[in-house]
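Heads up: the structure comes next, in structure tokens.
Chain lettering (A, B, C and D) follows the sequence in which the chains are written, and residue indices restart at 1 in each chain.
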Amino acid sequence: MRRSTPFLLAVCTAVAVGVVGCTSDVPGASPSAGPSGAGTGETSKFFVQADHDNELALRTKTATGPADKPWEQALDPKTVDTAKYKKAGPYHLCFSNAGVGNPWRQVGFKNMQAEVKLHPEIKTFTVADAESKDDKQISDITDLLGKGCDALIVSPNTTATLTPAVEQACAKVPVIVFDRGVNTKCPVTFINPIGGYAFGATGAEFLVEKVKPKGKILALRILPGVDVLEARWGAAKVVFDKSDLDVVGVEFTDGDAAKTKTIVTNYLQRFGDIDGIWMDAGATAVAAAEAFEDAGKPFPAIVGEDQQDFLKMWQDKKLTAIAPTYPTYQWRTPVIAALKILNGEAVASPWKLPQPTITSDNLSQYVQADMPPLHYAMCGCATLPGYPKDWGGK
Amino acid sequence: MQPDSDQPLLRMRGVGKAFFGVRVLDDVDLDLHPGQVHALVGENGAGKSTLMKIASGVYQPDAGTLELSGKPVTLPHPRAAQAAGIGIIHQEFNLLPERTVAENVFLGREPLRRGLVDRRAMHARTAELLAGVGETAIAPQTRVGRLGVAQQQVVEIVKALALDARVLIMDEPTASLAEHEVELLYNLVRRLQQRGIGILYVSHRLTEVFDLSGRITVLKDGRRVTTLDTAEATPDTLVRHMVGRELSHYFPERAAPGSAGAARLQLAAAGNGRLRPVDLELRSGEVLGIGGLQGSGRSALARAVFGIDGFRTGQMLLDGVPVRVRSPRQAVRAGIAYVTEDRKGEGLALSQSVLDNALLAQRAVQPRWFARAARTTTVRELLDAVEVHAAGTGQEIRYLSGGNQQKVILARWLAMKPRVLLFDEPTRGIDVGAKAAIHDLIRRLADDGAAVLMISSELPELIGMSDRIVVMRDGAIAGELPAGASEEAVMGLATGAATSTEVPA
Amino acid sequence: MSTETLRARLRLPGLDATNGVWPALAVALIVGGTLVALDGGSLFSESSTISLLQRAAGLGIVAVGQTIAILAGSLDLSVAYVISLTSLVAAETMAGSDGMVLPAILLVLVVSAVIGLVNGLLITKLRINAFIATLGVGLLIKGYLEQGYAGPAGSVPVSFQHLGYDRLGPVPLSFLLFAAVAAAVWFTLRSTRYGHHLIATGGDLDVARLSGVRTDRVLIRTHVICSLCAGIAGLYLASRLGAGAPRVGAEGGYDLESIAAVVLGGTVLAGGRGGVTGTVGGVLLLAVIDGVFNQLEVDSFFKQMVRGVVIVAAVAVYALRLRRTSDRRKAAVA
Amino acid sequence: MSTELATPAPAVASGLGGGGRSGWGVGSIRPVLIILALLLIAVGIRQPDFYDPPVLLAFLKRAAPLIILAAGQYFVIVAGDFDLSVGSLVTAEVVIAARLIDGDPAATWPVIALLLGFGLLIGLVNGLVTTLLQVPSFITTLGMYLVLVGAVYTWTGGSPRGALSEEFRMFGRRGIDGVPVLGQLPYAVLVLSGVAVLAVLAMRSDFGKVLLAVGDNPRAARVTGARTARVRTIAFLASGLLAAVAAILLGGFGGVSFQVGQGLEFTAITAVVLGGVVLGGGRGSVAGAMLGALTLQTLLTLLNLLGVSGALSSAVQGLIILAAVAVGTLRRRT
């Protein structure tokens, strides 16, 4: 019910605007009407305080493992014994992929394929692409189980819906889940970087530090309902609520640059100027910044991500920016973990990977002019076979 | 139970109807008695079809009352009319080509058994009805789309009969029938009459009216002019009532014998899938009539000449020069014009204005990037010349009467200054007044040196207009007759009574 | 004509485009099967058969509904969002308790029926083109979902998950559900007045109307049934996913996919011609293509291209056959 | 204010291409003009400086791509067809541009030429498959949509490569600076006005009239000497070409991404219908179609100004569309 009130309200507004046209007196629909119009809105039901605090704490921990290989590092690892899975090679590795529908997953998947190439003991590597359809991924998993995999890697499309399928799989083979989690402890390990809360908080804290008090912040989100993104916003919200910054809007961009630019331009017209842009993902950071450029306004303090186009702009235009990352090198780790497990070696569970942040200090080492604009710098792929060609670089 | 025949089956009193504020029907009375054939006549736009649609529940009257056997009724929906025992046979087929005969006949009232459609009963019943009208060649399970035109018409009638209607409305039932099929219809109508069914018979063909009806109501401009017993009426009086002026419809003067000019269009053993090799010569200045039954290849001939379904074999010469016409476009460019029998389906863009329809041919064949004022003015003049009556050249053509629509099509072609004109049923569904005008136009075109080929199922028209008559049968020319040949002669050739040696293609 | 009447008397089906999909399916199975076999896998292994049928079920149920919408000369672009919505309604109402399963199912049916009713009324009473009407309704639901849900919500009890996971031998329960729905609709079209009136309405609205068919009611009822099918699909997905998912319908592309399956099955987009059996074939064909590419691990993008080509090619073939028959018909008439 | 807004109306109305009639009839542009006026007033109230030339121009600049797409879609719809492939075509064009230009200014013009050519090519294929193979355009372009999406991903390995040159982005981003009163005159607006003028002229030319006739009654058009297949194909060519133009503007405005074209096909169709054009062909004016697009864009801006959350805007959009179309049709029937 609660959720439907603003809905109805806006609908009425629409009727008023579109049909009657008596819009001169629609103050009822002033920015405070929509929940996202003012302040930061309600707390997402995805927000879990404990995880939040835990993640923020993890940011300061130092990782164990080879310094030059963050994808093999782990933050205060609790290892689990995997002797019962020990088994002689060669191995048949299976991977149920949620999809490759965006550049991040593209880069990541390339990393994983390259990582597999590094290990001759992997005889076959079977991949099922769910095309970001939950029900297909469920079928895929059953399907893969029929193919005699020695270990199954799962990158779930959504958390809740994949749980039953993964539980089925656990009964048959060792399962490694990464990126997104599942609501069950049955997988041998769950691999991901520190996570969304840390990502969101880092960006928000940067803005709090850089933007003058009472400064206007616009939060741009890709789309609702993706837990990773919800977590990022959840943490940012906590930071903003504590700060004296004024969040003038939270908008969804569908990751569409043109739409992003339009939205930002509208906000610039509405509020004269915006002092900070927070984003839950960097895909549209460049478009957002350009909106300021085109409007002849000074660049705001901006939160991006480790995509080349943004890093390049950052360097060229001397932006006040930060790029928390959700490293794509995490796609390498599951393969490594799988082999460890099949060797009976203990592995960290959960396996928390470090989550570096790009700042103006270390920016230069991540800008790679010869990589495609949407390539993710934090891919740990420079040493992998086929680099840079396979990643679209020259 | 038979109502006593002095009580009318259907009584309409003071019926009125307006569309968009335009009165199309005003204070019309009509009585239809059991076993009576009541003819409803009048020019197009006189309000006949509106009255029918009101009687069959398609429209609701704005004013007036309907009574069935003395009981006042309202017919909010065709279904209600059916339930009340009013059946209607429309001019255009109301059949679904994708469905079987039985499914069509019982559409809207499928017989049920335990709540489900009883196919067996449906088929049996349909077979009976078909037998009842002496049609045994059609199986109830046949898809209607696979039937010929005449057979579809039979299905259409059977569909109405299946209602056990007490009142049957027939709108131009013979429009799509060939002469010999008309006879079959006559018998049908009389049989229905004997069953005590009242028939409201709408037709432009006065011969039918006099052959069948017992009583006649004349409408004009949405009002009832008069109602009289057929016995008292004569064609002349009737026409006077209809057009409000004396008009004994004589056909325009024929061309003087031998005055016809050089050969314009020549066919040498020209044929295709539907036509056996045809030899034909059409001279400038003459009107060549093409007679024959439905499906005898009359239309196929015209359509072949015009390149819709072009000739596959033989040769075609225009003014002595061999031409290959593979599409209507090429035909138009070669100076051929074709006035189709299917005005709505093939003739007009109904949502476009009168002017746009009149300009269509020029625009399609000689497109220009910038509108030509000259063109427009000439077409406007032509529209005046053929006396199109419209609210203005900007009016959507769908709102014009059949006659006026036909005139617009004529203007369209005149603008192309064609050498050869092909008319397929030029006056079908057109009222007496417009008929004469169109006949005069056709003759004038011929006098101006055009070569005219005119297909007509209406024998008086065919004979009255033509300088020569070619009769077709089974996709071939059955024979040629001189001007003023007798109807018998034409029918003889058409039906093969004259020479019945031909075998069907 | 006489051969025609004979054919009719013997109850032989006339040459009909809907027959075309089955040969296509056979070819796909043979070619695909061999390809997979050469690749060292098996298209007919139990696990792949299961997942093949499993995936056919969801789309199939929707496509059956879409079939009658198209048969009636209409179209429903809102199904995708109806699926998402109903999956949520189901999962949230059940909230993991066995007791709420029945109420939830009922509620889902009511909700989807109401949406169908709205579609129908917009199209018949307000005379809005079906394309726009259902598109608009879809947008409305989309907005509600995006506004109200931040991701999967609710949960279904294990008892209800049987629908999504149980099977008889290699045949998943959900596929049987699909078969049942298809059979029911097939029977309705064949043996009820409504069915006959529906096809008539799609074939020619005026003819149907003048024959006393209440075309508006038929269209409304049709859209209700179409939405109900989407609702059932929503129920299935809820049981499959164990929760309601606000984007499952859109991500599954059920709106366009279902239409594709329908035309692939030989139902004419203009309405009045075609049937459910064809659609079943169409759905299976799409599923087989899917399955084959899965086995071959061809990447999803290439798969999409092939799908596009197959759909267009199939319809082109149907169009050709239709023209041939109609030509023959004309020849017979003249 | 309302008067100053209303005055352009007659000017536009008289400048219609094709079957647009003044008054409320089908194809009339009056309803959309009124809605647009109301929305503009509303926007003006919420944001008084909206009518400062620079702001207005910036708005037009953002609206230009959609308006151009709508114009393209209009040609296809008025001929009685659909073009569902424009969205994916836009994406394809942008991605192709990025990969081919790869940041090299010299490549800009050749690539632009190539993009326009590619748009025409896709239009040609759509047109030929629809007319020669007689596949319903809904299916043809649906297939093309699938093929294009698949092809682009396959070609780029799933993520855009290369980069657009500033010279390329100029069209969507920059403008002629220092224009008195107006400030900056965006190139997009110039392109838009060019397209608008050409489109209206085309619809007033004989081609336009024949196009309307073909959409109204193809058989009649053919029997009157029109080359219907060719005319319809040209319509698809126009749609493809204008999609390419829109892509150039969008790519320039927003830069490279796979999302750039997402859902544009439906937005464009909606806009066209909002402009009083009738699906099925033969009725409506290109001016109406473009105004419809402008109205849609204004609506989105207004929703944003009113602080209606992004999630809701689709719902409101759906509502407005239904309302507008319903009002249009109802007015016609009274």
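By our rule, a contact is a pair of C-beta atoms (placed from the backbone, for glycine too) under 8 Å apart; a residue touches a chain by one contact, two chains touch by 3 or more.
Being a predicted model, the structure only gives us computed values, none of them experimental.
Traced through touching neighbours, the fewest hops from chain B to chain D number 1. Between the interfaces C-D and B-C, more contacting C-beta pairs are found at C-D.
Centroids of chain A and chain D (each the mean of its C-alpha atoms) stand 34 Å apart. If you average the CA atoms of chain A and of chain B, the two centres end up 71 Å from each other. Mean C-alpha positions place chain B and chain C at a centre distance of 43 Å.
For chain C, the set of residues touching two or more other chains reads 143-144, 146-147, 299.
Within chain B, no positions touching two or more other chains are listed. Residue positions of chain D with contacts to 2 or more other chains are 158, 309-312, 315-316, 319. Annotation, chain-chain contacts: A-C, A-D, B-C, B-D, C-D (touch as defined at the top). Residue ranges on chain A touching chain D, taken from their complex, read 6-7, 10-11, 13-15, 17-19, 21, 23-24, 26, 29-38, 100, 102-103, 106-107, 224, 249-263, 265-267, 269-270, 283-284, 286-287, 290, 294-295, 309, 372-375, 392.
Per the touch definition, chain D reaches chain B in the complex via residues 19, 26-27, 201, 204-207, 209-210, 212-213, 216-217, 219-227, 282-283.
Listing the residues of chain C that touch chain B in their complex gives 1-2, 4-5, 8-9, 11, 14, 190-193, 195-197, 199-200, 203-204, 206-214, 272-273, 326, 329-334. Interface residues of chain C facing chain A in the complex, by the touch rule stated above, are 41, 45-48, 50-51, 54-55, 58, 143-144, 146-152, 155, 161, 165, 237, 240-243, 245-248, 251-252, 294, 297, 299-300.
Listed in rising order, the residues of chain B touching chain D in the complex are 306, 308, 327-329, 331-333, 338, 340, 345-352, 356-357, 359-371, 412.
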